[in-house]
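Reading through the structure tokens given below for one structure.
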């Protein structure tokens, strides 16, 4: 019970800080939008690009802007060294990990909404017809990506080359998320069954959140 | 190197003899009808792949012991395992395409084993990166990565295998011709012993390094050195 | 321990309640490491730290962290939150009873109530430091660890903070102050520790005439000694 209370409190703090600064939200959304534009220039040759390209663009945009968001979210906790203050506070480490994970998922939900809408307009992807399945898919995928990225975002706190290392550590580990995400999106767009990939993502999330909670304390805390 | 156990010496002997003999055994082994000479890469490739996976689990085990048992020895096991995973991973990925060019007509196919090995290699290259550039606390960071990496293997395998539903058939060990089995297992024994030898040397290096640090500090405490290291 | 440098030699030390202890030492002497160990952020490569609550109960983990307050180089506060929001956030993290009242009282105590509803980003260095002090005191910690707490404070701020430290001592807290500013701790401290190159080279009561000059004299004479290290554990 106390974990829920702590997570809620930390999450409230993250949301209030972001509502004041708005920097993460604007930065990440704008970045996501630019990515879609770049992909549109790269792939759009007059005809409607194949479905594969749509789902690829969507998930690449998620992976890139997600890394940007995580890096910046922990950078912010470094400003007054507040991450240290949180580690000193009498709360469980898991709360800290879970609250960052949820905060990132919330932020990414907005980014994904913008990216998906842009994709529908600019690349004529018919994403609207599968809104609910797509939402579930994006949620599961984002949480899986965030589970890995939040851990390493926090753990890289003291590394000088953290901006380079974060994607280097996170992308290979989240390949299953990207494969599952793109395959399922393609399946949805073609009107096929994507339930296998949804279940796959659920399993991935469960495994990586468990390991994340388990290793967050030894990996991210003590020096 | 005074504390070499008999097991280590045995492995060293097998590795040395094996490396001398195996090429001959491999050449003498029956020539496979469809693939011809290229099939012989098999005697290096499969062993490397198995030992790469072996090294991954050694690294993950050592990392777990380091993270949860605060065991410095665990960390040494993990470094040795991580480096061997990269070494044997590279061997696998270099030898694989040589065979694939003949078998599949292309150096690279998104075959599930190839892809999984490639990703595994990338994760463990990242492991070595994070040890090198991770700053203070990098050992723990890397240990976390090793655990995530090991847990990721089955998921990568599963996702890639379903993503590529039509994967090229690969010949499996059980379908080997009788004449090939001898050289195959001889090569395996050689590689496994080489693995143990390299692993032992890497551990010994780390042990010496720790010992050196200890002595240095002891000397400093005894006032034999002037503080600034 | 990075490479061959040991940040801290074995230190055998017992910190007492109702005492303000000054920890002196040049840069890189291991003061921050010792503080980090006491604050539970760094686990020592050998040895242990024992914390005893009244009644000699050994504390662990979360219960332990609740009894420790830290003032560091960094403010530990969010620039985008107001001073009041910062305090109320941390008071809830520390589960302070009657958080509102405590927040108001501390804002008044450190003298920033006029700026309480402005984002902390707009604070001057001195106001930020006052906020950091209030933040560290929010849960009335039994152990107060201060790393260069006087930096950024003006004369009245230093006086205010010294008074706060006296009050905390009177309340029965263990107070450890790492500082270079002998002037600020003159007449304030009860005990002086000097670290040099990671070794504790001086541990004694504050001089009876506790002036900056006297403290400096202790500091410089202790620096000259390069005491052989004592094996053992650190206790707090």
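The chains carry the letters A, B and C, assigned in the order they are written, with residues numbered from 1 in each.
In the analysis below, a contact is a pair of C-beta atoms (placed from the backbone, for glycine too) under 8 Å apart; a residue touches a chain by one contact, two chains touch by 3 or more.
Keep in mind that what you see is a predicted model, and the values were worked out from it rather than measured.
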Relative to chain C, which chain's C-alpha centre is the most remote?
B
Identifier of the chain whose CA centre is least distant from the whole-structure CA centre
A
What are the two chains with the top count of C-beta contact pairs?
A-B
Could you give the separation in Å between the centres of chain A and chain C, each centre being the mean of its C-alpha atoms?
38
Just the number, please: Cα centre separation of chain B and chain C in whole Å.
48
Can you give the whole-Å distance between the Cα centres of chain A and chain B?
32
Where chain C touches two or more other chains, by residue:
43
Two or more other chains in contact with one residue: find those residues in chain A.
222-223
Two or more other chains touching the same residue: where does that happen in chain B?
136
Which stretch or stretches of chain A touch chain B in the complex?
148, 151-152, 155-156, 158-162, 164-165, 168-169, 172-173, 175-176, 179-180, 183, 196, 200, 203-204, 207-208, 211, 215, 218-219, 222-223
Give every residue of chain B touching chain A within the complex, in rising order.
67-68, 119, 122-123, 126, 129-130, 133-138, 140-141, 143-145, 147-149, 151-152, 155-156, 158-160, 162-163
Chain C residues within the chain A interface of the complex
36, 39-43, 62-66, 68, 70, 72-81, 85, 89-90, 92-95, 119, 135
In the complex, go through chain A and note every residue touching chain C.
6, 9, 13, 16-17, 20-21, 79-82, 84-92, 221-223
